[in-house]
């Protein structure tokens, strides 16, 4: 793309949805915006396909000065993000153009989309953070769209965690920006190096890791995922699980000091957390009773695997190039597959005219991909293993990683099996919508074929390693299926609520309110006490004052002359004494 | 003690007596009389001290004459007010609070 | 007397004359009064624009005459002052429009608008004051002219609030007076000079200077609602909405914060204040106020009360910025002076709109207000997001600069305060937004009157939307020339490099 | 040579008008002000012009030498007081002309008494010897007593009687002091005393007598008991005149004599005692004012409190540096003038409010702010000056006194000024609070004639303006005084 076109495309990608969202403010235009809302992601998609990395746009008037551009990594992210939004948009046309509160839904949709794309194309911190916040808060409107109890609870949890995340990110970014050359206009690209050299490095890494972790479903910050995915409308859930969860990952990738300095302890912590997430999420997920919640736990589990890659990158900076590819590929693979699975949950509910076989094949494809058997899954997992085991001085313990990844794949397989099993129970419940399957078909196709586009962005796909890993990939799937069959026959799911440990933490947000109330209660209590005292004192004072006032006035008045004489005498005496 | 000092001390004595009367009495007419005694006392002081070895001095004379005029005027005013007060309230002394 | 001095005096005179004329107009002549009031506000805005341009080009505007020997009455336009003048005169226009709509058919309008203009005149005087004496003069005038507005409704509650207001402000004013006289004894007429005038004093006087600083901070802190001197502010919310909006979100509290800025930058000089060790305690006081105000706001159900506690908290951001030693922190504090004004006045306008149109005063009654009054609710949302510090609202710009400033000043703990306060802000604003947008109202709105063809009267809606738009633009277009950020940057470059 | 006549005219004209107004019918009495006021105003401004052009000087009445002749001093202080008197008394006269229409014809004795009072005051301002001061004091005092008695109610008569007794006692003590001084130094002229005065027993006893006599006439706490009933109970213009001007005359004499005797004679101890009494007045007066239920009683007690500020002059001017002393002089005179203007305005506007609601009770003022904003506005402006809030004469005076107290290291007076200001705010806002309370929605108040409101407003505005333009008046007031050089 030539310069001008490229520049325009960079602005249009986030600008079109934003502009549509603003235009929505005019009531007369509202009717027309709903039908075109799904297409708002198209400029971004085109940009991802044809944009050139390195091209930048400066918007000096924006915030502290804004920069837009693409890098090698963000192109891939932009691609799958835009594609998922597009597919979900087509799928969700019903929500966007008609139905209850479709207008409100539409505007939140557009703003969330604008934010999501904006954060990918942003090059400077301010714009990145702005877009991130826009996406986060607009998505709330999408999550609570159905307005039932569950959606409201999900929204509440999401919002509390999101605010917490935003605050942590802001803290991390501020501290990191301080370490850059220009703290008032920091570029994203400068952050990793600056953080690596900052005195508050650990604090920065912690706050950024946890802050973005809210989006990326870190254990104990993940509660909003199962709740929101379960409660939001399906297209929203697809966008959340496919696109927005990767915003957290992108946050990690662009800010954490990856590849500059080996951070042994942080890498280890991240790897261990990732592994914990991968297994714990699988264990909890298989006990869930709702397909979308199962998928949510699968997402947490998969993000745990990606975390392993990031942690490894931190420990061994020299693995950077390989791991970068692996993480990007993994992200692409997981997003598309997960989005396809989510859209599928709704497609399967409708009585479609398609033969059931095709439907189930279509539903199976992303499931298999996640389990690691489709090309994309194979490539993703293989590149991760390849990255981890490349020739580099890595800790001894890493030799167990492939095994652990394999075990995690068993979990994934079990989750997928559980998901499909649950789907079967839901199939064919609702009346068909004639176009409901278009988006799903598009994204399923992308799941299969998306991997082929990687060379377009200059990413070397390790096909050979992938082929070699086929055998490695088979045994976990087989084991997972056996386990699933066993479980289906003999085990009943444990009663674990969708947001597992949240119950234990629920009192926490209330504490702040209590503190405010306590201050407020002490205030009035103290004030009441004071007022009581004051009233008493005032009463006494009034009486005393009355008497005293009368007394003194009478005294002065009756005996003014006596007083005068006394003063006269005193003064005369003093005068004589002084003399 | 020179005659001048005798005059002066008698004046002071009169002033003191007048002051005592002024304080001791409630009846307004008595207080007015006491005031006039005080006035006479101070005139006596003025005349007496002024004679202290400097021959005849006209200034105190002028002052005393003026003072007497003022005292007469004051007494007259006081009597007017007293009469009206007596008529309005029937009392010869001042109430202790209003 | 040059033209420049006359123009400067004109800025003050527009509202003074307006006030006098309004007092003299009969109560029933509403149209004349409104037209005159608006004309004065527009004229003032034009004059301010003129001077802003002049100050930008480094033209000196000064108006001075001698009151008593060694004490001058000085009006002077500098960048810092013009920022406050610009804010007050812009918001005066909007609030006047709002108040005309709000008080339609209410009694005592003559008195209200008269004192209202007088308040603005005092605010402008505070901003333009060229020495401590002139500052004090207008500072006390502000106290006096606000009292009738606080007790405007004449209810027992508002009289009580007025009394509390007086206790605090008169006491504070007296302390301030002592401080000013003491400084006057030490250095003569205390003109505001970038870099301060006290640094040359003998070191043996430094304990005294610290004492004076403390006294004056208490005096100014009363108006800036610094904890524990804030109690009058939430009580004063019984006043009509335009009063709460302009006076308790902008004029009065900002007068205190602005005074602290003057004291630190132009009397003590920030470097001298830093070397005396005064800035650290000030930052701690501001931080405590920020957290305390937020916590208290969390527990309020009355919308205006919640906003009032939010003001308590937010104004201390300005003081926090002032107490951060370094240009960036200063920038953050100063820019927040403008930003907070724009955002908070929007919120108060919205609260007034809800109260006036729907009769709703409590947060728990706001369910579904977004459906009934979308424009007002959008404005409220923008204001609330700005308060939380969510980009791209103006509040984010302030918070970013404050954060970086705190780090540059080596006070990393301040960052924690900022983050905690953001969380608390979110905790008390987001539930309101949730109720407005995502809850449904079960009953019908009890609307007493139909207020025009919009969702509410146009007089009420227009200023609300305008200020909300300004708050948004101030954030989004912060990089443009003559944006608040740009102007604050100009001030800092002049204060720090004199 | 018109100017030469303007000085004697200042007390001869009122005297003549006083006699003339006794001779004409009651209906004609008020009309004399249209002759008297312009002439007196011209004379006052002529004196000011001559002072500014020619500087301070001694004027020998009729060309006779002292001691038998009468010398008049025309310096800044005297001229300042004359102008203040002219302004306040003229406006009070204009007010009274309208106000007294509703009263019985006997109240027209107000006019001769006014002229007599005016003559007495101008005599005091101009007198150069301490005996003429006595004469002036007596003339003024008797006229004032007559004015208090004008209302002819029992309360008014009692107040007048009380006032008269106090005034007589005070004059006699003063006279005795004068006698002792003359006996010691053989001179009555201030210039002579200034040269001759030496610290000895007689002088101290004389000083004590003079001080006590004048304290009683100035109504300084605790000798103030006669003041509230007299000032609070009199007719409104009378209250204004008495509170604004009459008590200032005795303070003026004390101030003059204190400065004339000089720092060798005037003991620091006495100065501090006077200051302490002043502080007592500020607190006691403020407290009592706050607990009053009648509007004019409140204002009267406010006078008791405000007198206290003036007495801070003595500790601040005695034994302190020249700069502190000059500031104390400036501050006290500013306070004095501002109080004269503000208190007159306060009494007049209080009178208007009482006329409007038909009651002297403060609690009956509920809701009056809606219907009588103008009267309340004057009350407020005057109140601003009394509270010492800027921009007002009271504030400028307080500023100067604070400055002087800090400079002389007498920080304890700061507390007096601090608490005094808050106390006065308490009693002024007590009235406002009532007036802002929403009461009946129908206007039942009577509209006072416009003149009444306008005169009060002019005085109140003057109290504010004098604070903003204090530079020039203070400069003039210093002409011919010990602080003139500064």
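Letters A, B, C and D mark the chains in the order given here, with residues in each chain numbered from 1 onward.
Keep in mind that, in the parts below, contacts are C-beta pairs under 8 Å (C-beta built on N, C-alpha and C of every residue); 3 or more make two chains touch, one makes a residue touch a chain.
Here the structure is a predicted model, which means the values were calculated and not measured.
Colleague: Farthest chain from chain C, going by the mean of C-alpha atoms per chain?
Modeller: For chain C, the chain whose C-alpha mean is farthest off is B.
Colleague: In terms of Cα-based centroids, which chain occupies the most central position?
Modeller: C
Colleague: Averaging only over C-alpha atoms, locate the centres of chain A and chain D and give their separation in whole Å.
Modeller: 77
Colleague: If you average the CA atoms of chain A and of chain C, how far apart do the two points sit, in angstrom?
Modeller: Inter-chain centre distance comes to 36 Å.
Colleague: Taking each chain's centre as its mean C-alpha position, how far apart are chain C and chain D in Å?
Modeller: That gives a centre separation of 42 Å.
Colleague: Roughly how far is chain A from chain B, going centre to centre by Cα mean, in whole Å?
Modeller: 100
Colleague: Find every residue in chain B that makes contact with two or more other chains and list them.
Modeller: In chain B, residues 22 touch at least two other chains, as defined above.
Colleague: At which residue positions does chain D touch at least two other chains?
Modeller: In chain D, the residues touching two or more other chains are 162, 165, 169.
Colleague: Which residues does chain A have that touch at least 2 chains other than itself?
Modeller: Residues 553, 557, 561, 568.
Colleague: Where on chain C is chain D touching in the complex?
Modeller: 23, 65-69, 71, 73, 107-108, 110-111, 133, 136-138, 140-141, 143-144, 147-148, 151-156, 159, 162-163, 166, 170-171, 173-174, 177-178, 181-182, 184-185
Colleague: For the complex, which residues does chain C have touching chain A?
Modeller: Residues 292, 294-300, 328, 378, 385, 388-392, 396-397, 399-401, 403-404, 407-408, 412, 415-416, 419, 422-424, 426-428, 430, 434, 437-438, 440, 475-480, 485 of chain C touch chain A in their complex.
Colleague: Quick check on the complex: what are the chain D residues that touch chain B?
Modeller: 67-68, 131, 134-135, 138, 142, 145-146, 149, 152-155, 157-162, 164-165, 168-169, 171-172, 175-176, 178-180, 182-183, 186, 188, 229, 233
Colleague: Can you tell me which positions in chain D touch chain C when the two form their complex?
Modeller: Interface residues on the chain D side: 330, 367, 369-370, 373, 377, 380, 384, 387, 389-391, 395-396, 398-400, 402-403, 406-407, 414, 418, 421-422, 425, 429, 432-433, 436-439, 441, 467-471, 474-475, 486.
Colleague: Could you pull out which chain B residues touch chain D in their complex?
Modeller: Of all residues in chain B, those touching chain D are 8, 15, 22, 28, 31, 35, 38-39, 41-42, 45-46, 49-50, 52, 54, 57-60, 62-63, 66-67, 70, 73-74, 77-78, 81-82, 84-85, 88-89, 94-95, 98.
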